[in-house]
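The data blocks that follow each hold one structure.
You will see chain A twice below: alongside chain B first, and alongside chain C after that.
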Partner chain A sequence: MSGNLQKVCLKILKEYFGDIVAKVGDTLFQKGSNPLRILCSTTKLPLSKVKEALAVLIKHNLVTWDEWKPGIPCYTLLHDRVLLILRYPRYVYHVREKFGEQSEMIIDVISKEGQATASHVIVTSSLKMYDANTDGMNKGSFEQQHITARNHLLNLIENEYIQRCPAPQDSNKPVPKLTVKAEDLYSLTPEMLDLKALQQEIQLRRAGEGKPEVSHPYSDIFWRINYDRFHIDFRDSEIRNSIVRRVDPLAGECLGALLKVSYGRSDPWVSVMNPVTVSEIRDHLKDLKYLEQYLKIIEEQSGGCVQKVGDAGGGQYRINMFNAFQSLTHALIDNIVQDRFGSKAARIFRLVRQHRMMEQDQIGEMSMIDKKEANILTYRLLHDNFLRIHELRKTLAPSPANKSIFLFHVDMTSVVRMILEWSYKALYNLMVQRETRANDNRRLLEKHIRVATIVENLNQSGGTEDQIQEVLDMMTPNEKEHLEQVNKIQDKLHVSEIALDDTIFILQMFTYYQTL
Partner chain B sequence: MAATTDLDAQVEQRVVQLCGEFKQGITYQIIQNDMPTLELAQIVNVINKLLATGRLDMLKKDDDILVFKLRDPGSLHRVKGAEPEEQVVYKIIEECGTQGIWAREIRSRSNLHLNTVEKVLRKLESKKLIKSFNPVSAPKKKTYLLYNLEPDRSLTGGAWYSDQHFDSEFVDILNQQCWRFLEQRTVRARQVTGGPVAVRTASFVASKEVLKHISELGITKVQLSIDDIETILETLVFDGKVERSVAAEGAEGVKLYRAVSSFLPTPALMCTPCGVCPLIKECDDVGNVTPVKCRYMKEWLDVEW
Partner chain C sequence: MAARGRGGRGRGRGMTLEQLGVQRGEVLPDNIVGPPETYPLLEFKPSQLPQKENMEYILCIKKDFQEHMQNSQYNIQPEVKNMDIERYSDRYQLLTSHRGQLSLTWSRFPKELHPMMASLPKKRKLKPAKVVVNVKKARTKDINVNETLEELEKKEATAGVDETEEDEGGERENKAEEEVEEDLEEVDEELDEGTDYINNYFDNGESYLDEEDDALEEGGVF
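Right, the complex of A and B next:
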């Protein structure tokens, strides 16, 4: 909760849902939980608009409500979820890598809709698949498209990437409570889908009949993305990548197997998982020659992520997520200090962190840096809040005879918080820059879209080559070149935003495990 | 030849020991009785050496018998024209050994006037009995010690100081070279077959080996000790580029080092201009520093064309 976070959230909401939703969301962020009437008066928007905006936010799982006074709900913005909107491309990409294009479409549809019924997801994703493969796919395979889509959806639900939305128990109450039974959370039974109706709707929609009236069973059951499941995957890949960097790809495989076995044993979000034996890991990695050796190395090299706890069953190992993210965050912040202040400052920073409390002279001596330079660097780190000072006095009474001792130390949680703030600020700056650049070149971009639409229409209505060429020539070579540059910059900014989210992810994980 | 020098050294040691036992001095006779196998020429040889290095004094008794005594290290009576003040000051400086002593300290200990002390010190210095130097910890405190002594490491700062200044360039070069050496080892170790443990073991290098490599490189004229090289290697540990392990070699542990890579690549935050921006604290929507007006951002985005 901070000014930077608020600005980022506002920007995201504005970009994805427009001004009104952004205004309502921002008010909720700044004022906390509020009932509808107060929202109307603070935002100075008409009731209907605020209602609409809240509906959009609720549909995208960004707002929850509670009973404020009997019969009157108050709404709360889940600001962490707002930030997750930026992670959607990553979710989609992740699913594509793991399950293929059809699953990618499904996640794409759900992430755009927020919450959607199973039949809607299947129909829309099937149609999208069809659009994406107009040439390559023959008609026969498309007949079965809805089956493929259903299978992919089932697979995603089974793997818990998609979960069922909670529904009101008693919709007659003015402030319904949403619940879902634990056993229903990840179950999509066959009778919930009417395959014939699905096929029918797909065909009608393809034939170009805007919104055909096909009724589907269970249209009150909605599905949404299970963020946590994705985060477990991201978290695992962070740890695995770090081991691959440190040791080699095979060690990454071992760690992957270890994680897989561990998840069968314990809740994935506890900080220390239950131990597993080597023989169990062996079942997953039958061909690996040096499994025991690798585990030994990982134990040494993973920065406390993997710990040996006993010798039963060929050796027992357990995963310690707390340590894993502690060492990852340390590495991250070391890198940040190094890039910002140079490698000598990074040496001092690491030195102080490892020794907990250090005196000025000690720092100079142990870091082997010229005393003057060491002092300057230390004070610069102090100035930028990476280091802190602790004053030790022999007596409380200030007297010149009692020289007080100044000890430098690192307060990791506050450094992490500061870096998170920076990241939010950087994110905001990148988004502002992207928006400004898009606005500056609005005329050009709009012209490009217009030309593209005309060409598309001509293509469909069977225009001649000359006609198309004539339309294409509406863009001068100069404009084309400029357009390319603008697009390149937009891509660069967008890529940076997504990459920045990775840094934020590690820091968020660190904070999560610290507060656990 | 080697055998004779060895024997000479033994005899020399024995003679010094004898002198220690007989405080009133020893004669040829005593030496010969102690080591009957020795020839007179050998004894003379050894004694001459001891006399030349100033460790023995030769005295003549009334009955013309030569007596050898250990030279009293504090005796200044050899110095011609040594005044009592000089003797006192010399003695004080001598007591401090390799630690050296500050002029003002001499004054308080000797109860002499500071001017006198300084005069005496100048005199002794010109006679090459004492010398002065400035310790690195307090460069303005001129410290005196005997001419033939080398100041203590804590005062000179060891190998890392040249002319009382910390030689950070030298340290940096050593730091880089050590890392390069360890890195090469790690790369070479990857070729080792026989499992990951073998690879890891092969990538570890003992500090002794690093020292040997550095001496062979010839980048330094100063003779470095194991401790020196370990200090350098420790800095690499603090740089996060190297990890340390201890292995048993015989009864004592040997420090082993190996190059490692960081857990993470450069964070994405640092790849954006905001990550390294010196003005990030001032940056806001209004004012002179805004993301829209940002020069760093503009340069970063427009750099490719």
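Right, the complex of A and C next:
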């Protein structure tokens, strides 16, 4: 909760849902939970618009409500979820990597809708699949498309990437209370889908009818993305990649197997998992020759992520997520210091962090940097809040001879919090930059879109080459060049946002394990 | 620094220059006065963005997602205001920006968000409306007077006809009058039993300057 975070949330909401939703969301962020009437008077928007905005936010799982007074709900913004909107492309890509294109379409549909019924997901994703490969797919396989889509959906639900939304117990109440049973959370039984109706709707929609009236059973059960499941995967791949970077890809495989066995016997979100024996890992990696040796190396190299706890069953290992993210964050912050202050400063920062408390002279000696330069760098780090000072006195008696000692140290939690703030700020700056650039070149971009649509129309209606060329020539070479440059910068800003989100993810994980 | 903050008398002055690593007689950098620059020059060039092969695809998804959301029904548009003049270009803008109602399963939302709900309790709406009517009446009194006069004239004309018929229905009317009197008595009993709380002595001023009361009317009806 900070000014930077609030600005980013406002910007994200504005970019995806427009000004009105952004204003409502921002008021909820700043004022906390509020009922509808107060929101209306604070935002000075018409009641109908505030209602719509709240409904949109609820549909996208960004707002929840509680009963404030009998019959009157009060709405709360989940600001963490707002930030997650930026991570949606990663979710979609992750599923594509893991389960293929059809699953990707399913996640894509759900992420665009927030909450969606199973039938809607299957129909829309099937149609998208059809649009994507119009030529590559023969007609016969498309007839079975809805079954393929259903299987992919079932698979995603079974693997807990998608979960059932809580449903109202009694929808007649003015403030419905949403609940879902734990056993229903990941269960979509085949009888909940009417395959014939699905096929019918797909065919009708393909034939060009806008909204055919096909009724589907269980149309009151909605599904949404299970963020936590994705975050477990991201977290694991972060750890695996770090091991792959340090040792080799096979070590990554070992760690993957170790994680898999560990999840079988402990909650994925605890900081220290239950121990696993080597023989169990062996079951997953039958071909690997040097499993024991690899595990030993991983134990040494992983910075406390994998720990050996005993020798029973050929050796017992356990995973310590707390340590894993601590070392990842340390590496991250070391890099940030290096990029901001240079490698010498990074060396001082690392030294102080490893020795916990250090005196001024010690730093100069141990960092092997010229004393004066070391001092200046230390003070710069101190000035920018990477280092802290701890003052020690031998006695409280005042005397000039009694010199007090000043110890430098690193307060990791506060440094992480500071860098998170910077990241939010950088994110905001990137988005502002992107918006201003788009506004500055609005005329050019609009012209480009117009030309593109005309060319497309000509292509469809069978225009000649000359006609198309003539339309294309409406953009002067100068404009084309300029447009290319603008697009390139926009893309770069987009990519920076995605990359920054990676950083935010690691820092958030670190704070999560710290507070556990 | 720190010691001064605590304000202990004679405690020494925290860090001395020697402790900070500055030798005696050394040239110190100038004091900094004024705020730092808004855009200071970067000391080091920022490192390149990580080159990942998947970034391009993620970028495509991101752009597509953003575009989709901006054009979807969830991107709520402000109400279109009535322009001062009608412009030719408005027709096309309306076509693109018109999206209409959200199509959602409303049973999953709190009742007050449902689009068909009456928004305000009716009492509040009625009161101001009444006042407005009264003011109007008071203002348009002259017209009303003429109308009532015409009505009265008509009544007089019809009353003459009635009188001729009255003799025939005389007996029936007497009976009816008796019944009315009985009714009135019953009502009186009900009132006498309790207190007079039911009676409304409060005059909200609505009848003030009503049609029957011409007291303040100058140049009244003659």
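The working rule: the second predicted complex is superposed on the first by the 512 of 516 C-alpha atoms of A that agree within 3 Å, B and C clash if a C-alpha of one lies under 4 Å from a C-alpha of the other, contacts with A are read in each partner's own complex, and residues count from 1 in each chain.
Just so we're on the same page, contacts are C-beta pairs under 8 Å (C-beta built on N, C-alpha and C of every residue); 3 or more make two chains touch, one makes a residue touch a chain.
All values derive from a computational prediction rather than experimental measurement.
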Task: Identify the partner contact of A:Arg350: answer first if only chain B is touched, second if only chain C is, both if each is, neither if none is.
output: first
Query: Now for A:Leu472: first (chain B), second (chain C), both, or neither, which partner does it touch?
result: neither
Message: If we overlay the two complexes on their shared chain A, which of chain B and chain C does A:Ile232 touch? Say first, second, both or neither.
response: neither
Query: Now for A:Lys492: first (chain B), second (chain C), both, or neither, which partner does it touch?
result: both
Message: Looking at A:Ala426, would you say it contacts chain B, chain C, both, or neither? Reply first, second, both or neither.
response: first
- request: For A:Lys296, decide between first (touching chain B), second (touching chain C), both and neither.
  value: first
Task: For A:Leu458, decide between first (touching chain B), second (touching chain C), both and neither.
output: neither
Query: Given the touch rule stated above, what does A:Leu445 touch, chain B (first), chain C (second), both, or neither?
result: neither
- request: Pick one for A:Asp339: touches chain B only (first), chain C only (second), both, or neither.
  value: both
- request: Show which residues of chain A both chain B and chain C reach, each in its own complex.
  value: 339-340, 371, 492, 496, 499
Statement: Listed in rising order, chain B residues that touch chain A in their complex are 160, 166, 168, 171, 175, 195-197, 200, 231-232, 234-235, 238-240, 260-272, 274-276, 280, 283, 285, 291-292, 294, 297, 301, 304-305
- request: Sort out for me which residues of chain A touch chain C in the complex.
  value: 15-21, 36, 46-49, 51-56, 58-60, 65, 72-73, 88-90, 92-93, 96-97, 108, 111-112, 114-115, 165, 167-168, 171, 173-176, 178, 219-220, 222, 339-342, 360, 364, 371-372, 375, 379, 389, 391, 398-400, 402-404, 406, 491-492, 494-499
Task: Provide the residue numbers of chain A that touch chain B in the complex, in ascending order.
output: 7, 242, 245-248, 250-251, 289-290, 293-294, 296-297, 301, 303, 327-328, 331-332, 334-336, 339-340, 343, 346-347, 350-351, 354, 366-371, 373, 419, 422-423, 425-426, 428-430, 432-433, 436-437, 485, 488-489, 492-493, 496, 499-503, 506
Message: Per the contact definition, I'd like the list of chain C residues that touch chain A in the complex.
response: 2-3, 8-12, 14-15, 19-21, 43-44, 46-47, 49-50, 54-55, 57-59, 61-63, 65-66, 68-70, 72, 74-79, 102, 104-105, 107-113, 115, 119
